[in-house]
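Just dropping this structure here.
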Amino acid sequence: MFMRIDRLQIELPTPEEADPNAAAALQELLGGKYGEMSTLSNYLFQSFNFRSKSKLRPFYSLVANITAEELGHVELVSNGVALLNNGPPEEDDTADGGDISGAPYEAMKDVRLAAAFFSNAGGAMPMNSNGASWNMDFVTTTGNVIMDLLHNFHLECGARLHKLRVYETLTDPTGREVCGYLLVRGGVHAHAYALAIKKLTGVAIENMLPVPNINLDKIPESQKYLEEGSHRRLYRFSTDDYKEMAGIWGKGEKALPGDPPGELEVVDGPPDGGKIPELEGAPSAFTPDYAPEEMFEIASKLYKKSR
Amino acid sequence: MFMRIDRLQIELPTPEEADPNAAAALQELLGGKYGEMSTLSNYLFQSFNFRSKSKLRPFYSLVANITAEELGHVELVSNGVALLNNGPPEEDDTADGGDISGAPYEAMKDVRLAAAFFSNAGGAMPMNSNGASWNMDFVTTTGNVIMDLLHNFHLECGARLHKLRVYETLTDPTGREVCGYLLVRGGVHAHAYALAIKKLTGVAIENMLPVPNINLDKIPESQKYLEEGSHRRLYRFSTDDYKEMAGIWGKGEKALPGDPPGELEVVDGPPDGGKIPELEGAPSAFTPDYAPEEMFEIASKLYKKSR
Amino acid sequence: MFMRIDRLQIELPTPEEADPNAAAALQELLGGKYGEMSTLSNYLFQSFNFRSKSKLRPFYSLVANITAEELGHVELVSNGVALLNNGPPEEDDTADGGDISGAPYEAMKDVRLAAAFFSNAGGAMPMNSNGASWNMDFVTTTGNVIMDLLHNFHLECGARLHKLRVYETLTDPTGREVCGYLLVRGGVHAHAYALAIKKLTGVAIENMLPVPNINLDKIPESQKYLEEGSHRRLYRFSTDDYKEMAGIWGKGEKALPGDPPGELEVVDGPPDGGKIPELEGAPSAFTPDYAPEEMFEIASKLYKKSR
Amino acid sequence: MFMRIDRLQIELPTPEEADPNAAAALQELLGGKYGEMSTLSNYLFQSFNFRSKSKLRPFYSLVANITAEELGHVELVSNGVALLNNGPPEEDDTADGGDISGAPYEAMKDVRLAAAFFSNAGGAMPMNSNGASWNMDFVTTTGNVIMDLLHNFHLECGARLHKLRVYETLTDPTGREVCGYLLVRGGVHAHAYALAIKKLTGVAIENMLPVPNINLDKIPESQKYLEEGSHRRLYRFSTDDYKEMAGIWGKGEKALPGDPPGELEVVDGPPDGGKIPELEGAPSAFTPDYAPEEMFEIASKLYKKSR
Amino acid sequence: MFMRIDRLQIELPTPEEADPNAAAALQELLGGKYGEMSTLSNYLFQSFNFRSKSKLRPFYSLVANITAEELGHVELVSNGVALLNNGPPEEDDTADGGDISGAPYEAMKDVRLAAAFFSNAGGAMPMNSNGASWNMDFVTTTGNVIMDLLHNFHLECGARLHKLRVYETLTDPTGREVCGYLLVRGGVHAHAYALAIKKLTGVAIENMLPVPNINLDKIPESQKYLEEGSHRRLYRFSTDDYKEMAGIWGKGEKALPGDPPGELEVVDGPPDGGKIPELEGAPSAFTPDYAPEEMFEIASKLYKKSR
Amino acid sequence: MFMRIDRLQIELPTPEEADPNAAAALQELLGGKYGEMSTLSNYLFQSFNFRSKSKLRPFYSLVANITAEELGHVELVSNGVALLNNGPPEEDDTADGGDISGAPYEAMKDVRLAAAFFSNAGGAMPMNSNGASWNMDFVTTTGNVIMDLLHNFHLECGARLHKLRVYETLTDPTGREVCGYLLVRGGVHAHAYALAIKKLTGVAIENMLPVPNINLDKIPESQKYLEEGSHRRLYRFSTDDYKEMAGIWGKGEKALPGDPPGELEVVDGPPDGGKIPELEGAPSAFTPDYAPEEMFEIASKLYKKSR
């Protein structure tokens, strides 16, 4: 089972302006082959299909727990996409009596993924930066523990490469913050799978890291997370379970050479995180709907009733 | 953010025998158009993309909270699939010195979705009962609250229909239990979205329920859940959040006519649930791997280290 | 614009028994690369996108008119699929008080395309015999008249080959009748496109026919259609339009050598056709719904009101 | 069976200039999840697969008849796409001896859906505004009448939302006219399915309309259709059949509150419609082909022969 | 079996500047329905599945041999795509100590197929100009020799049309050279399949050529290939095999009317070809990787060891 | 460029009987995520897109050369599929006057992938064992050498796992021979990529092999290939090129522990291989066509002309 907390894993800055093509770029990190839908779904289905869970508990716990973090990554990138598509809060003067007949969204027909406006009003979707759907071809769950861990290690390396490239195309602080944070966390996951492989096979595959061969000190947006030691922490996203992963990620294991030094640690519970961004409605795009006042009033009454 | 609990939403009975075609049938409830991947992903992305969250809090909370329950439904069906594919625990005499050259899995080439053995060793995948991948064409997130709620209501009705039909093909208790439980919970979600629509539009759309027109007293496996009142409960899958949905599902609202009577209620926290099933390894299928003893021993040492 | 007539192009025999795998075979002729969805959609979009319609009127008329016949082919194969999936009318004793808890549809989990039961209750869908969706990769509309006609000629040859192979797997009279008729009509379309190509290029491409190299006198179910001269007739599926195609298919042109001799002719209006089959409801599969009496009564009243 | 009339449902204005990105926007209304290919195919396959047709005649007739109108909608949007891609008639001086070596279509490599030029010369295709193919994942045909009608109601609401958003991006009169008309007709279909649901379930679901919550008096291009009462009319696209739908849409039922008042009526026969637009050939793009004179001359002779 | 030669079929000019949208256009010729992946895969699988190879040797040899040439076409277009995406060699000052934090690839978020940068660093992929994947729906292999040859003839005509249109959008010499050469070779293949059809059916289908109706004397980039007689040559891409195709393409057969005259001939062995282009690494895009010097040094040592 | 040799990489035994479900199983090794189409296409596009080829020559040569071997693997599996679908040569008494009206292929409607008969007459296609198409989602080409090599290593491990499982379902010698050989060759490729990674990163990743953890001495069909040393050989599929890969795979490197010992070596030229299987025509399935005698006679004359 899963529980939900109404917080993002980090606080996201407000975008400076709407930039649908930047949002489309960020979609690569959501629904691309090496995006968060892929990391999430690989680990989710691997954890469901895991064999001999009781006998391989530390390995099962590692995969099962990272799954929960990936849900939050999907949430984080999705919020980034929605923010970049919609930009900072704006007055929408077409609401309630305004005139929508003057092609108020003419600009939308020229953005790279125009269907994101027509179908989703700029919301995030499980697709890549070319608009191609995420699908099960991106999921590997073989039941063979070595094969699955090796796959996951390669997946996190691929994810890091794509995050770096997306980062290099973005100027808006919202998208850059998403990348800066996920680069740190993706590094943790690559490191963790490497350690799991080493425990089982003896191959010191973590010595290959980082892939690509660039340290995160080159990425300004990653610094505050490195400083707080995020690269050494595996959050345990569970009240009571998955403690056994500390057998793999824990005492005696060190941060990778290019990162700030220190010992690896399992942290009980999620990070503090940041607030879920408020997406302003755009009545002229029928979100939450044209002439929303009545809707807000109903909600206000129901809210009072719920308390 | 999301947290994880190492429990299923219910206790699943052990299957009587391996039945890959029954597992394939259950896949419809996982990756079909009206399957759990669809309900999960619709609500997940709708919650990310929700407009005017603060002003429409009860509606946002409803969608966001049901998302968390759906994650557990994906988990439940997936475990059902894996159990039905693999059957009850068996001795695998090909491990460690056994002979795999005699086509020990000859039967697998004739099962409906043979790739489920080749690629996934009988694990669950996000695909339907014909092996077609789940994809974003099954996701509706428009930013328009009425449209999204109406979609969700129709989605839950479709899900109920498909669950009934899958149920009618299954004889094994594992698959039937999955259906019996999900029929009750799907009914709750359809009812909840109907109430949300009624609050906003005044249309008493819940009077259309049940769709299809059959009460759950016809389904033996649903009875214990009806008796405990599951059909009147919306679990709040969060420690602190989403309480506002009680403005929609709560005091003053009653169970639907064909179900045991009583008042609707929001229950704080998840159901007790049942244990995660142990999937035995099948060394001859290289799960967790051929000759697993060394692997188990390593895991055992790491487990001790983690305590 | 299009008008509809509540008749099939031919009278279909009632199936002798339900045979979902035969229905699945027939799906190849509906949603396969060379199926009726493909012939329909190629000609439909070619007719929309046709250049210099007024100057190339006979060619435009030919394509536009055959489109209308193909709609009826899609209808014919779809009805064949639904009949074969459902079999002859049967008593369904689970309606109104019956018991559905005994896995009444257990057999459905082992049919080749089980999702056709779960999702469609045995109805037809735009997919091929492996359950793969029809899609736009099967549509060619280039705006180049020679290229499009050449494509269409090849398409009809491919369709004939696939119809012959599907026919060779069927024993039930329903499916065989569908094939027997469509083989004759497909032959007409191949011949018509060949003549169009010959008019424009001088190449007597119709001399290549039939592809494959087998005459329809080998197919018993085709005989009555050959006897009535269907192979020499292009039906004009329009009250007033498309008469210009008679410049291509008409006086002076003869039937192909292996078929009964005679002159080609444009026939004004559709064939007499046969009645639309009645698909019995199966209340236990929730079609039209569980306990249908009330529904029938409402319909009966509305019917009276409509007169 | 289906008949064809060589007329569009309305007269379309000539586009002011070629605007391939506007054409791409309009593709959302053709091949998107809520586009005309979806409405057409849902009703088409539902009508084929309809159970107990004779006992539920008014409902069957409604679905079967609207199918025929949707064919005309697919035609209308497709013509709109082709017009917007190609723009007003122009002299093409590369024909017959002109020079094509100077990259005459350089601009085409930068349009959003460049393959629409390469493959289709600007013709319409069954794809959405991102170039993703329409496919069977967009078709719901369950055999359960309530479920299918509920689906159709939600589908028409979704279609209305997407039409409004596409409209808001277009400045050219051709695309705006397509939207203005289809908004009226889509409203009729949503209303009709609502009434059908109300007859069967008693739920006054039409009170939810319009979704989104905006009346068509805000859309200038819809006015002439509202004035002629199109929003109160269900055209019967058949010479002899489908009269029974008047039991659902007819005497005693009124126009929706926000629209011009009046009684609902079934109109026998199609609307007058407008002429099929002539798409000029572009010899430099090999449509109908390079150096078309000979082709036109052949066609002219065949035309004479056909009279 | 297949052997490889480290040469392109022609020498490609260096591009004048990076033009990702031109590269995207060229992708139509790689992964479009009528692109090189399609011609390759059709002939590849037809050659594997060919029936009665020994009795139909000249036809088998023709298909099997052209397959090998198509591999080189896939290679040629792919190199063209990579060159156009990356442009002429440039200094990359972010390598080794440079700063990548200033969005050095900001321009990439606005190119048509941005995923080509994120995932492939501008490399070629088996997709079309809209980013849609090549797939098996583009493969026809029926086992019927006439049907397959007819399909291949139509395929080469379609390929020629698309090559002409892509050519008309390109200004850079790299892409134009690719088109100029492939137009000549595609003409040879269309002609060859036409002759094969004529031998078997007696239909002089080559008289329909060229499709579209434009001779290659209109394409400056094709002239040098016409002058060397490439349009009359079928290269035998094998040391010892496939000589039997000379029964179809050879003595007594002439070049098509619009091309320079001469007799058709089978040439033993491949064309001289040109050098494989060197794609410069872009360390800032992590190709071959950030800070490549160490990598180059390792390779240099291994190179010496290999000699 | 590529050359072709009319030989398979090994001699395949004739199948004992037609077994379409076994052929369908083998399709997993052709078009599955870890099948030969994937290995081929990954290395093919990586070799096209390789950066700094001249400076990283040993690595480029390794990838480019293995590509050529993979083409032969695609050919080998495809021939295996076609043989298993069609079985040993048989008299087909429906040819030339025989009767095809008695449903001679009734059995085909019940095989797992019936479309393989309808569309391909039992020929191979680029799809997996569930009939899902191979597509570009299975291709990774990032331009980053470490990432691509790591991907390739994981891909070969996955391929080995899937080959083992397919092998375990097959009883016919044809399919088992295909698996037995490819297991040896896949082992070579995994080992080769491991060595390449080790040279660049220092990580002894080959110590992880074999994945899964089973030596090939358990597979009888692999023995003759192990005995001839195939596991120590990298064939150089080129007359003059790719010699530099000997810097990675060559002197000083040893066979993996579980395999027969010896030094690794590059062998110049392809293996001897075996003859291409003759697939008998089945006139009743219209291959090469109904009544093939005339076709054979034409071919015989053309063959004589070619000598």
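First chain written, first letter: the chains are A, B, C, D, E and F, and each begins at residue 1.
Methods note: a residue touches a chain if its C-beta (ideal position, glycine included) is under 8 Å from a C-beta of that chain, and two chains touch if they have at least 3 such contacts.
This one's a predicted model, so the numbers in the text were calculated from it and none came from an experiment.
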In terms of CA centroids, furthest away from chain B sits chain E
With centres defined as the mean of C-alpha atoms, identify the chain lying farthest from chain F. D
Report the inter-chain centroid distance for chain B and chain C in whole angstrom, where each centroid is the mean of the CA atoms. 39
Between chain B and chain E, what's the gap in Å when you average each chain's C-alpha atoms? 48
Among the residues of chain B, pick out those that touch two or more other chains and give their numbers. 33, 112, 119, 121, 131-133, 135, 137, 142, 144, 146, 161, 212-213, 285-286, 289
Every chain pair in contact, whichever chains are involved: A-B, A-D, A-E, A-F, B-C, B-D, B-F, C-D, C-E, C-F, D-E, E-F
Per the touch rule above, chain A residues touching chain B in the complex are 1-9, 31, 41, 44-45, 48-59, 64-65, 67-68, 71-72, 74-75, 78-79, 82, 119-127, 133-137, 139, 141-146, 199-200, 237-248, 250-251, 270, 273, 276, 278-282, 285-289, 292, 295-296, 298-307
Touching chain F in the complex, chain B uses residues 99-101, 103-110, 112-119, 121, 131-133, 284-286, 289-291
Write out the stretch or stretches of chain A touching chain E in their complex. 21-22, 24-25, 28, 32-34, 112, 128-132, 161-162, 164-166, 168-171, 212-214, 218-220
Which residues, counting only chain A, touch chain F once they are in their complex? 33, 135, 137-138, 140, 142, 144, 146-147, 150-151, 153-154, 157-158, 161, 197, 201-205, 207-208, 211-213
